[in-house]
Amino acid sequence: MEQGFEAIWRSMGIANIEIGQIVMVLVGAGLIFLAIRKGFEPLLLLPIGFGCILANVPVAGLAEDGVGQLLLAGDPAHLGALAQVLGVPVGELGDGVKHAHGAASSEAKLLAHNLGYEPGMLYQFYAVAIGSGVAPLLIFMGVGALTDFSALIAKPSTLLLGAAAQFGIFSTLIGALALNVIPGFDFTLAEASAIAIIGGADGPTAIFLASKLAPDLLGAIAVAAYSYMALVPIIQPPIMKLLTTQSERRVEMQQLRPVSKLEKILFPLTVLLLCLLFLPSAAPLIGMLTFGNLLRESGVVDRLSKAAQNEIINAVTIILGLSVGSKLQADKFLSVETLGILALGAAAFCIGTAAGVLMGKLMHRLSGGKVNPLIGAAGVSAVPMAARVVNKVGLEANHHNFLLMHAMGPNVAGVIGSAVAAGVLLAVVGG
Amino acid sequence: MEQGFEAIWRSMGIANIEIGQIVMVLVGAGLIFLAIRKGFEPLLLLPIGFGCILANVPVAGLAEDGVGQLLLAGDPAHLGALAQVLGVPVGELGDGVKHAHGAASSEAKLLAHNLGYEPGMLYQFYAVAIGSGVAPLLIFMGVGALTDFSALIAKPSTLLLGAAAQFGIFSTLIGALALNVIPGFDFTLAEASAIAIIGGADGPTAIFLASKLAPDLLGAIAVAAYSYMALVPIIQPPIMKLLTTQSERRVEMQQLRPVSKLEKILFPLTVLLLCLLFLPSAAPLIGMLTFGNLLRESGVVDRLSKAAQNEIINAVTIILGLSVGSKLQADKFLSVETLGILALGAAAFCIGTAAGVLMGKLMHRLSGGKVNPLIGAAGVSAVPMAARVVNKVGLEANHHNFLLMHAMGPNVAGVIGSAVAAGVLLAVVGG
Amino acid sequence: MEQGFEAIWRSMGIANIEIGQIVMVLVGAGLIFLAIRKGFEPLLLLPIGFGCILANVPVAGLAEDGVGQLLLAGDPAHLGALAQVLGVPVGELGDGVKHAHGAASSEAKLLAHNLGYEPGMLYQFYAVAIGSGVAPLLIFMGVGALTDFSALIAKPSTLLLGAAAQFGIFSTLIGALALNVIPGFDFTLAEASAIAIIGGADGPTAIFLASKLAPDLLGAIAVAAYSYMALVPIIQPPIMKLLTTQSERRVEMQQLRPVSKLEKILFPLTVLLLCLLFLPSAAPLIGMLTFGNLLRESGVVDRLSKAAQNEIINAVTIILGLSVGSKLQADKFLSVETLGILALGAAAFCIGTAAGVLMGKLMHRLSGGKVNPLIGAAGVSAVPMAARVVNKVGLEANHHNFLLMHAMGPNVAGVIGSAVAAGVLLAVVGG
Amino acid sequence: MRHGESVMNTDLLIQGAELMLLGMGIVFGFLTVLVFTLRGMSLLADRLHQPEQVHPELPPPIDVSDHRQVIAAIAVAVSRYRATHGA
Amino acid sequence: MRHGESVMNTDLLIQGAELMLLGMGIVFGFLTVLVFTLRGMSLLADRLHQPEQVHPELPPPIDVSDHRQVIAAIAVAVSRYRATHGA
Amino acid sequence: MRHGESVMNTDLLIQGAELMLLGMGIVFGFLTVLVFTLRGMSLLADRLHQPEQVHPELPPPIDVSDHRQVIAAIAVAVSRYRATHGA
């Protein structure tokens, strides 16, 4: 009886909770608050916030793999066996597990499995959804099936605005490396690249790249990416107004030409072909995006197109959100690095917006004033929020100025642009 | 040719079928009959019954893993290799495989894989859906997304009725251990706990706990749980009438106060918080239940809420049902233990109902007659069947007595109560 | 910088693309063209075509497993380690990997994993969807849930037409073995069986059998099967007209009797029972087909029936199509064997059609002229296309001759017939 | 070697022919048995038909949740109509 | 041996009884705490209620796809009403 | 050691700068090529446009399940017609 009570007491959260876990539970609750009350990207931030709380339930180890469960259980014989497999003293098992890789890591996992330790629920979700890389790609397929690229096809030059906005990514990469002069920061090139992709303003791309280049930072990167995407209406307008004149913002643009069905069908295939020829490392992202779009535009597989737009993307979003949340464990998230990531992410959005607007100004000049430079801001992607912000700022300057359709071109170009940037980073850093 | 004929003959079901398999095929057909003709929880019992038939197709070994396929194939060289890995004589391979665990079991599986034996279809479904623990949790998420907890929020004291009904679980636990005095019964504490959870009257909780504590008994436990849930309208009324007086049953209850949107949103988070603080071992179950409920009540993620209520729960139910059926193999199901489980399950439902009603009587006294004790019977969960039974018995006593909404409180409290009980059992027995 | 440029150049598609990959990209584009423009089974051929292009993206190795990625990366130390594991010289690693099996293959995979190489996206889709055998079975469940077997229940004798048409399968098996006299062809019995199943005119059955008996030929077999199914309106009519007289084609058939709900419920269980008794090796296919049909006809699980008919089959079709496409890699597809498979597949359809029609003529005689022999052509399956073709050819001969319902009997009988044939081939060849 | 190959191939062809006979035999056998079993099944179903009439409460294909929405919508429409028309 | 078994079983029964006490204790304890916490929650929600009123733009629970069903149902109801009442 | 670290970091920064140049170069290069390819594609599509007219039987986007939408739309249309024409 006493034994039972003690077992229960030892198993209780309040007997084990650490201050870091309390903080992370509050962070999770904060994300849920932002999602529900402020409408911050609720489809992702609500599951992420909930996953964050679950990942920080003390004792339960929902986000731990089998080896983590073994450590949590603390059976001396099992700890000894693990220490032997990893070739470290029992006292240094924590670090030993963290730094194990290759054969040692495989053997540690097999040992834990053989001793009866199974991975926690969230760890399993993470392994299936993100570890495999599949979930962000399926989301990207859904994005392709949900996106109408007509505006881009009608005016391909807006692709350059989507290109310019990627400057946010690469300048943030430098910024992350520069942060290393501050003690406490020690980002590798791979980690800096994963952080920089926040500037792409594209959730699935960020999660995909982070899962390949810096899985430990994935939680902070995803939270930053989605939070700033939700903050686009606050972040972008001041920069847009600072860099443009009132008369530039007033420019009304010519109506876009209609796009034929055949062009819409050929578009995804054309993008895929260029990706195949010039940037195979972007093939998973570009491939699934264009596949989804072809399902949509082909007109002969409506069943599949609707499945990609609804059932699949919804189910995957739930699991993806919980999986991202699983990376918000206290010991990984509560570090000075996370603060750095949040700061760098904000900078990335600002710089990307500025670069897009400046390219817009250049096109404004070159086109003899036909292009409203505001639409460059939509090049960061954050579809369709950024395009709506452009529309709103345009309307403020001129009540007859409807820029929404014109901003959709750079907006979807930004999706392609950041997938290309991700491909470059994977090819150079992840190779 | 002759060889071919012989191969075909040897591969035929009628040349290999065992009496136990014939019985189990009839059991499967019986479950399908009950599901279709009698409306016994058809969403689960129809797939379970069909899975039962498939699992007992002779020769095919649909429910066997790779090692089971190796045994079925009977190649002498392969049997020899397996015997060597397990360190048992070839003649005792059957037992050797059954009792292998840890490293030996892992090596046997690897050997079978390397020799080209792959697990059967149902085994794969089981491994993915139940072995991982994921399917019952996803069902629980759907239950959360489908459940309106307003009645409970309006009158939290009904939680005590849901608590009392869990006495069915713990008294059954004693019952299972007491059965061990009869020769042929030899339940361990873990097995007794898994059987006892039938008294929780909650399908996914029972499957989740049984998969952790006693996978071999899972088939019988799930069948008993769902069958008795379907029998609630027959099991409960006599007990309810026996323990209450006509005047008690006539009590009309005061209308419930309306519950605000904010309360509904805070409810799942509150329950999760208490679980985190006091019973982390229940976090997977309570976590997914409250997550589903938050998706529902947040009002900002209708896409996800509907996916949890429809697409996900439907697809998972199909695979879960077939997987449970895969555990209804003759050699596991046709034992005196199954009879014991069926008897104990019936007892669990009766005792749970009685405990709920008695607690209802206590609340009736303490509240000065404001509480109709019948609503205590709904505390076993079996949502929403038990609440409907309460309503019907109430109406029989008083034609103006609509207890449905009042019974929903204890009814959903029973879901939380049995998840808590499952958490206790996992913490003490499964640790 | 130079290093970066070189890394990028080396990573570009145009620097690495092989002629075979260019051809396969064109093949993929051709399949997409046929799917969109000509309406060739677009639900499958569009994803297959897209998967084909993705599988042939140079450098990316989307269809390679971890070992394939290691070979692509070309790190000398890693190649050396792999050569050691496989016991071959580094120069012969390509062949060594291809012919590795059992323990060596497992160890090579573990080595690649430990060295950090992960399987490509399409390989993962293939492993989960087809390698496990699950996707074609889930499609078959959907087919069962979508199919009304009333016509067959009303007139069971049409099963014999479905039996006769399977002659296309077995004669093609002989044909494939006969091709071996031509240098360059060297089909084993297993490969010949996998090719022969094209004659079953049933996509999921073909994919399921090919994945078990000849995974390397799966791409060509699936493409042939779906292409010829789309060509049924062109392939069948000349054969039907050649083998029948104008007066035979004019025969109007008696209206089918109505079928009771109970018969429809008992039908799937009856078919399953016979499969269990006589051909357990067909149990996965027949089991899932009849399970889906029982979900449909039971009338008590509409949620599940609709999930099987929509959400599940759509999601699985997308992944299945991409997975099949992953087997259309240049080095596997561009061989003389593929030409042989295409030729044999066409022969299989023609012979199956002819055998069905001839059996139809026999039934015409035996029934005293009551049976229109055209309906025998529908016995190849290709549901519902073949039945529609029968209707059209019948109408050409007699404007009041509506054979559609009468052809549905042999049509769905053909599905059962080819599943039985697949079971025979699995039992004899795959055992 | 060439000779050996051709012998092997003849063997394979014989195996294939055997498989064809066996396969067509089983396909016809199986489906013929199924023909008779289905007839038996229909007879059986016919006999059981009367009891079936006794249980006509098999759930209708329309599920409850849709139903309620429609009823709710109709109710709203009717009450609005009444409100407007003073009924 | 028989004796040993029975001792073992008595041990097991004692463990079971302990588990029952412990389990019912925790179930009641947990749910009792929950009763009070929920009351606290409701009080808190009541206080926060006024600010909630300030943000009434929270998305309504009916989504677009249902909307159409409702419109359809209303249209059907209205046309039936008209048919019956001769409008 | 501190000195070594700073050298290392300078190296890393140089690598980062190279990656920035390379990356922006490729992003602009890729998207510029795409601009011209898309223009070519549109010209090509325009030429192929006539044959497309010959096949107007491409399946319409409305599927059966949308039936209800159609009914709703018809109902709305009818009621508007009546409203306008005084029925």
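Chains: A, B, C, D, E and F, in written order; residue numbering restarts at 1 for each.
The working rule: a contact is a pair of C-beta atoms (placed from the backbone, for glycine too) under 8 Å apart; a residue touches a chain by one contact, two chains touch by 3 or more.
Owing to the predicted nature of the structure, the values given are computational and were not obtained by experimental measurement.
Note on connectivity: the fewest steps through touching chains from chain B to chain F is 2. Greatest Cα centroid separation from chain F: this falls to B. The greatest centre-to-centre distance from chain D, using averaged C-alpha positions, is reached by A.
Chain B and chain C, compared by their mean Cα positions, are separated by 38 Å. Separating the centre of chain A from that of chain D, both taken as means of CA atoms, is a distance of 44 Å.
For chain C, the set of residues that touch two or more other chains comprises 4, 8, 39, 273, 278-279, 299-300, 303, 311, 424, 428. For chain F, the set of residues that touch two or more other chains comprises 19, 22, 26, 59. Across the complex, chain E is touched by residues 152-153, 156-157, 159-160, 162-164, 166-167, 169-171, 173-174, 176-178, 180-181, 189, 192-193, 260-263, 266-267, 270-271, 273-274, 278-279, 299-300, 302, 306, 413, 416-417, 420-421, 424-425, 428-429 of chain B. Contact residues of chain F toward chain A in the complex are 6, 9, 12-13, 15-17, 19-20, 22-24, 26-39, 41-42, 44-46, 48-49, 52, 58-59, 61, 63. Against chain B, the residues of chain A that register as touching in their complex are 4, 7-8, 11-14, 16-17, 25, 29, 32, 35-36, 39, 42-43, 46-47, 50, 53-54, 57-60, 62, 73, 110, 113-116, 118, 120-121, 124-125, 310-311, 314-315, 317-318, 322. By the touch criterion stated above, chain C contacts chain B in their complex at residues 101-103, 105-106, 132-134, 137, 141, 265, 269, 272-273, 275-281, 283-284, 287-288, 291, 294-295, 298-301, 303-304, 306-308, 311-312, 424, 427-428, 431.
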